[in-house]
Amino acid sequence: MDLFEYQGKELLRRFEVPVPEGRVASNPAEAAAAAEGLGSKVVVKAQVQVGGRGKAGGIKVAESAGEAREVAEQILGMDIKGHTVKRVLVERAGDIKEEYYLSFLVDRSERKFLGMMSAEGGVEIEQVADENPDAIARVHVDPSLGISDFHARKLVFGAKLNPAARKGAIAMIPKLYRAFVELDASLVEINPLVLTGDGKVVALDAKVTVDDSADYRHPNFGELRAAHEVPEQERLAKEKGLNFIKLDGDIGIIGNGAGLVMATLDVVKAAGGDAANFLDVGGGAGADVLSNAIEVITSDDNVKSIFLNIFGGITRGDLVAEGIIDALGRLDVTIPIVVRLDGTNAEEGRKMLADAPHAMLHAEDTMLGAAKRAVDLAGGAGSAGPPGGGGA
Amino acid sequence: MAIIVDATTKLVVQGLTGREGRFHGLRNKAYGTDLVAGVTPGKGGSDVEGVPIFDTVAEAVSDTRANTSMVFVPPPFAADAILEAYDAGIDTIITITEGIPAMDMARAVGYIRGQGGAGSAEAQNGRATLIGPNCPGVISPGKANVGIIPSEVCEAGPIGLVSRSGTLVYQIVHELSQKNLGQSTCVGIGGDPIPGSDFIDVLSKFNADGQTELVVMVGEIGGDDEERAAEWIEDNMTKPVVAYIAGFTAPPGKRMGHAGAIISGSRGTAQAKAEALEAAGVRVGRNPTEVAELVVEARGS
Amino acid sequence: MDLFEYQGKELLRRFEVPVPEGRVASNPAEAAAAAEGLGSKVVVKAQVQVGGRGKAGGIKVAESAGEAREVAEQILGMDIKGHTVKRVLVERAGDIKEEYYLSFLVDRSERKFLGMMSAEGGVEIEQVADENPDAIARVHVDPSLGISDFHARKLVFGAKLNPAARKGAIAMIPKLYRAFVELDASLVEINPLVLTGDGKVVALDAKVTVDDSADYRHPNFGELRAAHEVPEQERLAKEKGLNFIKLDGDIGIIGNGAGLVMATLDVVKAAGGDAANFLDVGGGAGADVLSNAIEVITSDDNVKSIFLNIFGGITRGDLVAEGIIDALGRLDVTIPIVVRLDGTNAEEGRKMLADAPHAMLHAEDTMLGAAKRAVDLAGGAGSAGPPGGGGA
Amino acid sequence: MAIIVDATTKLVVQGLTGREGRFHGLRNKAYGTDLVAGVTPGKGGSDVEGVPIFDTVAEAVSDTRANTSMVFVPPPFAADAILEAYDAGIDTIITITEGIPAMDMARAVGYIRGQGGAGSAEAQNGRATLIGPNCPGVISPGKANVGIIPSEVCEAGPIGLVSRSGTLVYQIVHELSQKNLGQSTCVGIGGDPIPGSDFIDVLSKFNADGQTELVVMVGEIGGDDEERAAEWIEDNMTKPVVAYIAGFTAPPGKRMGHAGAIISGSRGTAQAKAEALEAAGVRVGRNPTEVAELVVEARGS
């Protein structure tokens, strides 16, 4: 889960990472009250999970509570790159002398945590990495050892930070690391980290991504998640235990395992079609899960055909067939479903489907054959050719 | 020969008394895997269809000489179970459990692989081989099956298979077996952020394995494991490699179920991975069926 | 520093290790008040750092505050194996069902922490180790990894603890480990750890040794140390930065480095003498330190001669000579001092001493020669022969 | 040849700008040691008598190719300094600092030596050699001196010396040099509870060293390092060993300045140590002078 700025900062504050004083507001009156409470010049910041909100007009300074109300009114409801602003963060405005970059993330290839710091902050770090890679200091922290002071020094001296900011940065880095670890984060990114006029080092922005697998040991994550809007269809799918993502095409995809579903998307594309979604029923799905998956997909009016691709491991073919038969029985299915079933108990499953014929049900033996059939049934090939990349 | 599991495997299942652990453990046993013990704290002294249960892995090892563990315990306890197996002297630890927090795995995997310095990513320094978590396990057809890979689709033979995706293991094995291309070992390494073994670890084992003549690697979008594997293959691999990458049409930035399957910048796309592999002399199939065709072609050439 | 039981328990309580409720008392009235406060049957325990206080009558049960006053009166001031009881711990008496053993310590050879547990508690663990070594479960914890639940299970199942105590013990072990690490302890030993009638697992005794090198990060250790009585001469020496231990002989020993001082003790013994003390001036001692060392030794009436043995590394021979000359000048030294000086700037030092003759000052070239001379000057050989051990 | 430090040593001193670091660092340089850098955070860009100071060890290594570090920083910062040197790729880390908390050393030493399994006590698994803390350092006479051992008493030659006690290094070297028995390398391993290297680590280096013909080991009461060394010598050592143990007359249970120097039960006494060594074929001298005599005798035989 990617946290909103205000959520990330609230969590970082618990680990004594210096962040500006601020309050979240979801309407202009709350914004005015927040500015009143802070009693100083404030910054009103759109809470959206997308870059470039400053340029889009999503960050404004207000000198008074009244002005805070006005700018909040402007910002709330704005659309920033497809994200609607539902909340603003009202923060005490500070005197910013310099902007830096600081982050910790999980480095899969090294199986360690990677800390990165740059004296060039406030811009996209990818841009710095491209244009001036030496400006980014890196340090790997071994998870079993944890952070030691030298890691912080290596970042701060390596990034050639202004000596005035050294002490503050060296003090902050271990705190940010501890937040990263104890929040079960996969990323904490402070951009910009700022040196203020009075010599303090403060996290002016915060991007925190937490590991959903660790939800069970963070009772507060549920509350944080509630602030995130999820498309209705995805929410429904999630409730039913399905891993669902909406896409732009017209061929509904159901499969077991993320890899197989991605491969299914690819073969559908190669056959000239476009997937309407990604839907992974996961491992060991039973009849009810399959039935629910069909229900979720058929509820989408854009879908013209469904390709159901199952290779059973823990998932049993007989239960898959049971789920399909159940869905066809209880739903008024009017779009064709192409079924390709292999693996554990697949033979039993194929026999069950053959024994329960339905006008909308089409069996295919191979993945490629099934993809072509689904594309045909959806009304033929669209614009797409074979996927890019050098061919064998 | 085969790699990771074979006829010398003596298996202990951590979590054998649980529903899934029992089902798959006994299924592995039925396949011929030498299942010698189960571990469930507090249930020591009981048994699961004749397989003795111990309170700790240390006791299981001491009584049964188990050398391989399959971890089937719930996510909050899984990293501890892995560390317990390692502490007890187990050499091969295969973790099926899905949903283990990355922090737990970072700590356990980092510890067991050893801290090393440069190059630590390229070879396991530690005593034990870790596979998984969130993986379907390892099967060496005709010898041993440790995990949930459906053995019915497998045949013994000269092809090594290594895959980040579980169901794609089944699909590719199916395609291979249909062309009478048997497998030495099929390894699911899982798609979690902190994997116990990566492509390079497994490729280097296949490279040294007498039975394996050709390796199929199955990657997917996200991370740079495939790109690093490509570099390694170019410098080290003495056997032909055929690859498949899933996710050419996955939209950038969308999560596809695996935490690792997030496209990050230009690297990490299926396109970039396929190109890197092809530049290293690897044939890359566009779909699972084509992969099997390329294997036939590579063996003919 | 070895902590008193009441100090160790107070610290363990902060780490949520279950210990009986109790209060320390240094007079019978306080003991009565403590018993009153606890409002139940209590146990009054002598606070001495020596085993076997139970057998010596240092632990007594009291049913009432009045009785607590009486037993405290008996116990306070008692002599237990040379230790005078200055304080008692008054604890709520519990219903003890079984007694176990549990400890963590630093294992130098493995460079790890060693946890040990036995279902046979309440007796000396050395005895268990001798008579029934399999009754002690052991687990090594890697300091960089820290404790994991399996370590606790390995101890508890390995020690074949009563199943009724498992849950409590498994919950307690990681807490005790954390106390061990965060207190900078070299040993925490719970003997006995008890299973109470109501199924709780509680630390009935606690032996905690903390690392003096870590004093700087434990501001409370100074206070704990204040409760420890140190012989006057040792206290004085410590104030002057000297590492001093009183022994039984009559030849005062001063040297630099613990190893050299121990070797000096050995050669004195071989020469037929007995050391009156161990005094290490440490590395890099200056003139004032040497002068102080001579003052401390000469203040002991038992000392009949002094052997000052210096091999300079950081310590400089000229400064050593300066210190000796200073001491001879300002003190009325009436016992012979045999000086053997080698290493850094030794030549300069020897010349300085030759230039400032004193009736009590005797220079020797070798360690063996100096030892013989010191023994002679003290009045000849005592009872001792050469130290034991096979000869070359 | 010599061990640990020699003519190829390129030394960085962590804490070179401090009073003691400066004194001993420059003294080592004057002896001929190739002192290439100092590290003091915040003083990067300055110099100590021409020796450049860097903010981090990483920068020092990158600019000067230093391969050896001497740690002379105050106790609260010393373990961090050791880890920094290791992280920067330094191979030999010699820590003089006294009074480092044992917990800090446990963490740093455990990490750097690698976790290993059984036998981890017998050989350093890690990339770097740690010496100390609380030790006088290492001198290879005529080649390099890293630490505070007074070089005046040393002469180059075929005798290796390893000692837990610092001043006993000086005393024994003195006795050896007086008999014209020069030294290949003299190593002070220190007497702290968690030493970076123990007798076995250093003995095994001497065993493999071409210059060393005989080794003198100097032990003291407390712990069982000498007993374990005796076992190791019996099984592995191909060169004669002469030993000295301090503390025959130390009263049981008294602390003698080193945390390690506490007698624990029957093991740990000077008596037990001498007997264990003699049983392993080691000649044990009763005083430093006798040690030198035994060396002469051993070389004559």
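Letters are used for the chains, namely A, B, C and D, taken in the order the chains are written, and counting of residues starts over at 1 for each.
Note that a residue touches a chain if its C-beta (ideal position, glycine included) is under 8 Å from a C-beta of that chain, and two chains touch if they have at least 3 such contacts.
Predicted model, so just to flag it, every value in this text is computed and none were measured.
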item	value
For chain A and chain C, chains touching each	B, D
A-D compared against C-D, more contacting pairs	C-D
Label of the chain whose CA centroid is most distant from the centroid of chain A	C
Where chain A and chain D are represented by their mean Cα positions, the distance between them in whole Å	53
Chain A-chain B separation of Cα centroids, rounded to whole Å	26
Between chain B and chain D, centroid-to-centroid distance (C-alpha), Å	44
Junction residues of chain A - those touching two or more other chains	142, 144-145
Multi-chain contact residues (two or more partners), chain D	107, 111, 115
Chain C partner contacts - residues on chain D that touch it in the complex	20, 24, 75-76, 98-103, 106-107, 109-111, 113, 115, 120-121, 136, 148-150, 152-153, 163-168, 170-171, 174, 191, 193-195, 198, 218, 220-221, 223-225, 228, 244, 246-251, 254-261, 265, 270-271, 274-275, 278, 283-290, 294
Residues of chain A that touch chain B when the two form their complex	106, 108-113, 126, 142-145, 181, 184, 186, 211, 213-214, 216-217, 243, 245, 247, 255-263, 265-270, 275, 278, 280, 283-284, 311-314, 342-344, 366-368, 386-392
Residues of chain C defined as touching chain B within the complex	139, 142, 144-145, 148-151, 153-154, 157-158, 163, 166
For the chain C and chain A complex, residues of the former touching the latter	144-145
Chain D residues within the chain A interface of the complex	41-42, 44, 55-59, 77, 79-81, 83-84, 87, 107, 111
